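These are the structures, in structure tokens.
Here come two complexes built around subunit A, the first alongside subunit B, the second alongside subunit C.
Right, the complex of A and B next:
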């Protein structure tokens, strides 16, 4: 196999060394799989789960609405519960709310809370707390992570009908409201919430927290789901380095880790004391072409670039086969996804012809990449190789993540980005409109925008799906993304841990769902 | 001698000042600021503006530098931009942890290396000497993270399961509460530092043993033990002290990679994080501490060299 050449950084070199040696050792180890004890299906209560999570830093925070590092995501999910949430198939289900109903024009949404909800300090969760939460998120003076998604919210019009019922008025129709309140950064907090004293509504509550090191959470006795959480405590340990995280799992210092490096998957699979959790996801690592800048302002050049990609080879080489191929469209798990559009595949002759028609033979472009997400740099290098066949020179320019997401982020002409699983409409709000916060491709298409706005205002599912599919057809023909595949999320855990299951969200370890996990020890 | 020490100390202070300017300019040259680094991709213009105002970022370069310098002179290192805690509280435990790690490594490595080096010289051209020579050469040529990874494989995750492979500290506990977690990082540093000291000790010792005053002592009929302890070692230790100092100074740099590998909560770990966060006050404080350590170690080496050299010690 013609593997992409990787930079011999310290991390890859150590990982390679480790992998090579481990394979050797696994080969001569004499313990064949002592058959794992039959899975005990009755959860046991108690025990502590220790989880090693990628990243973490002195900037770690427990703020419900402003998670900044990856371990922060894991922490807010333990501490705070949202009104709605996603199941493992990425379908919205109710959480703190038991009913979320739209008006006919989808401009007014009514949320009804379950009976008997309580915060971790024993105080009841009421409509006023919900209003406080969303006013805090959308505070114009200090907007939080979820603020953009609520730009159409008329925050002064938020109203408590009674202690359990809240009215959310919007300036424009907002059919995807339930999705938006299922995002983990919209957890419900009490009136007067202070992140220094993180009273929450989630399955666990804070015991201790050291930024950049670790944090421990204990069972919240007032959590609303019957019988959950099973664990007495969860300890989340930050691991900036891949090798240390895998070593901690191998050495039994943690019970689960997220984002198992590709090179380690077979080693962990060979170990009877460990299990691999692999989930197909809708997360994507696109190439982004600016449709308002030469050479990509010519749709023919964009089409040619999309025909250059050998998607199967991409998934094989960049993801080691742990992923599925893409069709230049996001939101593959959306119920309305345009399955009818035929799969695009590599066609170098057609690409050359399109480039010639555009007067762009012997094209040379810079591709700005960064190790901001796993697989980005490798994908850029594989693309550069594939482009040679079509006579296109791609100069891969690697910058550090700080620079990548610095002043020039969203200005790069030809670059990359990454996204977790989202349904179509929430994704368009984040990246599809000229006023979206992350419109990397500067996509601004009148016909497309009209269709999506109409879909947003259409509560009827069938009618909405028809509009969405038309919009996807436009993007398939003319869009600025090259979406070559969807990486699987691959985590690992000790065989003593029960209750993890594959999850489509792209958020590791069953969307950090430690509430349903238990220890079989 | 005290005049020389005074001169050296002044020069050390000057070095620290230059270091602070260089590091200040270098951090300014890094793309992006702390607000962008903290928010990362969540950095929408509104959130950036709010956070910049909150962190008091801004002002001209000289303004920022002199305001920082003014605070340092009054022993106020400011607050971390990333966590909002005072820098002293942030890096204090880290400095202590790294000191424990380096001290343990130095206390083991230096006597061990001096003894092995001397022994190897006394047994010149025997099997022991050849084995020492080859082993130290191999160790000296391996980067410390390779040594660390191999140790993990041998003693932790692969062949034997003797020691934990990473460092996991329970909040409120000291790093030495679980000495088994310290074994591998300390061993890595010992193996990284010792080979040079062993080799220079052997070479210097051989030279000294060939010298006329050692010949003379032997001809006078002094017992071999006394020849070595009274006459050979004191003369060999001078040049070795300089190498030890260099190795100690290297330790504080090598510790960065070793801490990262073992996830040890020390200054190296903190430094990598603060650079990623563009957390200027923390970077500055850490670099000044590292530079201070270099200056002090070199000063001590000079003192030792002088102390064992009667010619310099008694000179005016």
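Right, the complex of A and C next:
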């Protein structure tokens, strides 16, 4: 699987609509930025890290606000720093901002910048740069990747109180603001920013860049985190082919690669010069049943299909055990996740009974799949096999990723998709409402929508969690997703590289956190 | 070309037709060791493909162990990318490849022979038009043409067969036309014409039987290409669809773990290789035996 994991539109969304309800955290001052890396030895300065990353094309970009492919993401994370960021446990922590505070109704957010911040050209980072950045992202004429997430932002009301303080006014309560400004596609850029000659706020600065091939970044001397980055330079190389990427690592042409194919894990583990970086994530590869089309418009059929799945076997056969089982609910790392709902497990007899009640015995359905993300085609095959036991014939239809994400995407009756780790509320904005951009299942449930809308406007954590859990219960009973598991993210690197640590985001190589990495050779 | 013996034919002329030419060709070919080796190899692989499904220890889609288990753990040859038995999938995975290849070759050689004979017999502008159209078609590599249509219309088995067959057509037509050119000049054709036998009957009944060696050699040669093409297109995901077992698909699904679970790739690769070597050797033997047999094959 070598293509970027999702098409531009969806990638865009991935980049932007994320966020979690984290008001509690938002009001607090943060600890200064600390390395998230496991300390294996004393960090050494200098050296160049060469990284092989899946995907990339002649359309590769350095634009801070429109990363599409994995190499794009890896580059913007090096070049630009965000106001807040995620730690390895997928909790929001402060970055360029040291304080993000909501008003009581969560309609006005005040962001305060740290002291002494500078861009890579030595100029100070001020409130005006932050306002420029968010106006650029939400420009109605040319909306950037993050624009959707800020649809409630009153752009004209953005105001600099002083050089370090900015006010963000919203038309409706926006409880997940800190998560939204923690997305890597909201990096802060200076007034007059030109992506061709990118001045950034991140740990590295651009040295050279060839779209579709490789790019080199050198240390930014003005970076705000003390002692970081350790590396003198980072080279990011595009590798569309899995085998080539692994061979480059085995041959020593690169020091780290993302997305190690399942079949290669044992080879890399057996090599003492290499290490595997495996992280449990909240990424999910669901089956999507359209709740507005037969046969799935009958909730009994959806329930039956969910009972057909042997989740443990899915994780074992599709992921080789490198993952965790799911309970048809997304956002497992959300603080409000409904842990109280009992784990659903395979029950063929019940599934047969439900299908019979729905008048759908000997059902035959097409399952549209594609190698758009690792594990999709494999999961489809395992499901087809499991469905036989319930008398359901599943015809696996494999199409190429271009067709899969083409005109018929979101129209497939029974299909699959792929999502990175995301908390509950941002995920619902992306895929749960009738006007959400990626509602694959055409889910449109009034009771559920009311609960989620109420949760979005509820600042109190306990009250919000109660609402979220009720909404999750509705989805658990009637939803159109079959969420069988959460694949681990598996990367590999040379033993000489230190400082990578497991990360729940699903974004490879500790969310491409090369700032905290050093070379031990 | 040297004419050693004239083959009498022509029902109108009342001359007895000698039929067992082809048998003679095979018998002559079998005098060569390479033909025997080729035949044994081909029959072995055909036997695996057609009898395999009945002796497979597991269903080809059943999960028997962890993905990419080494040989001996999940089954005699380990498990594949989804933990299915490699041996069972191998045994079940050849049949479709064989059927598709033989079908495609049959259609391609059959249609090619008709076009070739028709061109040779018609001469004149019909011949020119057919052969120049063939030249244009020959300019496209077979695999490119197949890839083009399969990716536009989608991976349908009938289309796969049709594309492979159409790829063979101009190549076969050209060879057959060359061989038929000398046959159409012979007296028995003239004799048949003189008694008023319809042209199509002359083509099918008089000319084609006299090209049997050419056609046998062409069939063998094109079969070799067909096997490679069909397996290649399956490997690229344009042939059989998962979860069906198929040798080309197996190679694609499991190549990433070549060093961990080699059998899942080695078995289908070896089978396809042995089969193509086998059919090639047989074809080679046939063509050597046909030289000088006055059936349109030149030395």
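Here, the second predicted complex is superposed on the first by the 481 of 521 C-alpha atoms of A that agree within 3 Å, B and C clash if a C-alpha of one lies under 4 Å from a C-alpha of the other, contacts with A are read in each partner's own complex, and residues count from 1 in each chain.
Note that a contact is a pair of C-beta atoms (placed from the backbone, for glycine too) under 8 Å apart; a residue touches a chain by one contact, two chains touch by 3 or more.
The model shown is predicted, which means the values in this text are computed figures rather than measured ones.
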**OP:** Quick one: on subunit A, after the overlay, do subunit B and subunit C clash, or do they fit? Just give me the call.
**Re:** fit
Original post:
When the two structures are overlaid on chain A, which partner does A:396 contact: first (subunit B), second (subunit C), both, or neither?
Top reply: second
Original post:
When the two structures are overlaid on chain A, which partner does A:264 contact: first (subunit B), second (subunit C), both, or neither?
Top reply: second
Original post:
Should A:334 be classified as contacting the first partner (subunit B), the second (subunit C), both, or neither?
Top reply: neither
Original post:
Which partner does A:213 contact after superposing on A: first (subunit B), second (subunit C), both, neither?
Top reply: first
**OP:** Give the label of whichever partner, subunit B or subunit C, reaches more residues of subunit A.
**Re:** B
**OP:** Tell me which partner A:313 touches in the superposition: subunit B (first), subunit C (second), both or neither.
**Re:** second
**OP:** Report for A:382: first if it touches subunit B alone, second if subunit C alone, otherwise both or neither.
**Re:** second
**OP:** Name the contact category of A:243: first (subunit B only), second (subunit C only), both, or neither.
**Re:** both
**OP:** Look at the superposition and give the distance in whole angstrom between the closest pair of CA atoms, one from subunit B and one from subunit C.
**Re:** 6
Subject >> Footprint overlap on subunit A, comparing subunit B with subunit C >> reply: 243, 399-400
Subject >> Touching residues on subunit C, where the partner in the complex is subunit A >> reply: 61-63, 66-68, 81-83, 151, 154-155, 237, 241-243, 254-257, 259-261
Subject >> Complex contact set, residues of subunit A against subunit C >> reply: 242-243, 261-264, 266-267, 313, 316-318, 320-321, 371, 377-378, 380-382, 384-385, 396-400
**OP:** Could you pull out which subunit B residues touch subunit A in their complex?
**Re:** 30-32, 36-44, 46-47, 50, 54, 80, 82-83, 90, 145-146, 149-150, 152-153, 156-159, 161, 164-166, 168-169, 171-172, 257, 260-263, 265, 269-270, 272-274, 276-279, 282
**OP:** Would you mind writing out the residues of subunit A in touch with subunit B in their complex?
**Re:** 10, 14, 17-18, 21-22, 25, 50, 57-60, 66, 68, 140-145, 147-148, 208, 210-214, 216, 237, 239-241, 243-245, 247-248, 250-251, 253-254, 372, 399-403, 405-407, 409, 437-438
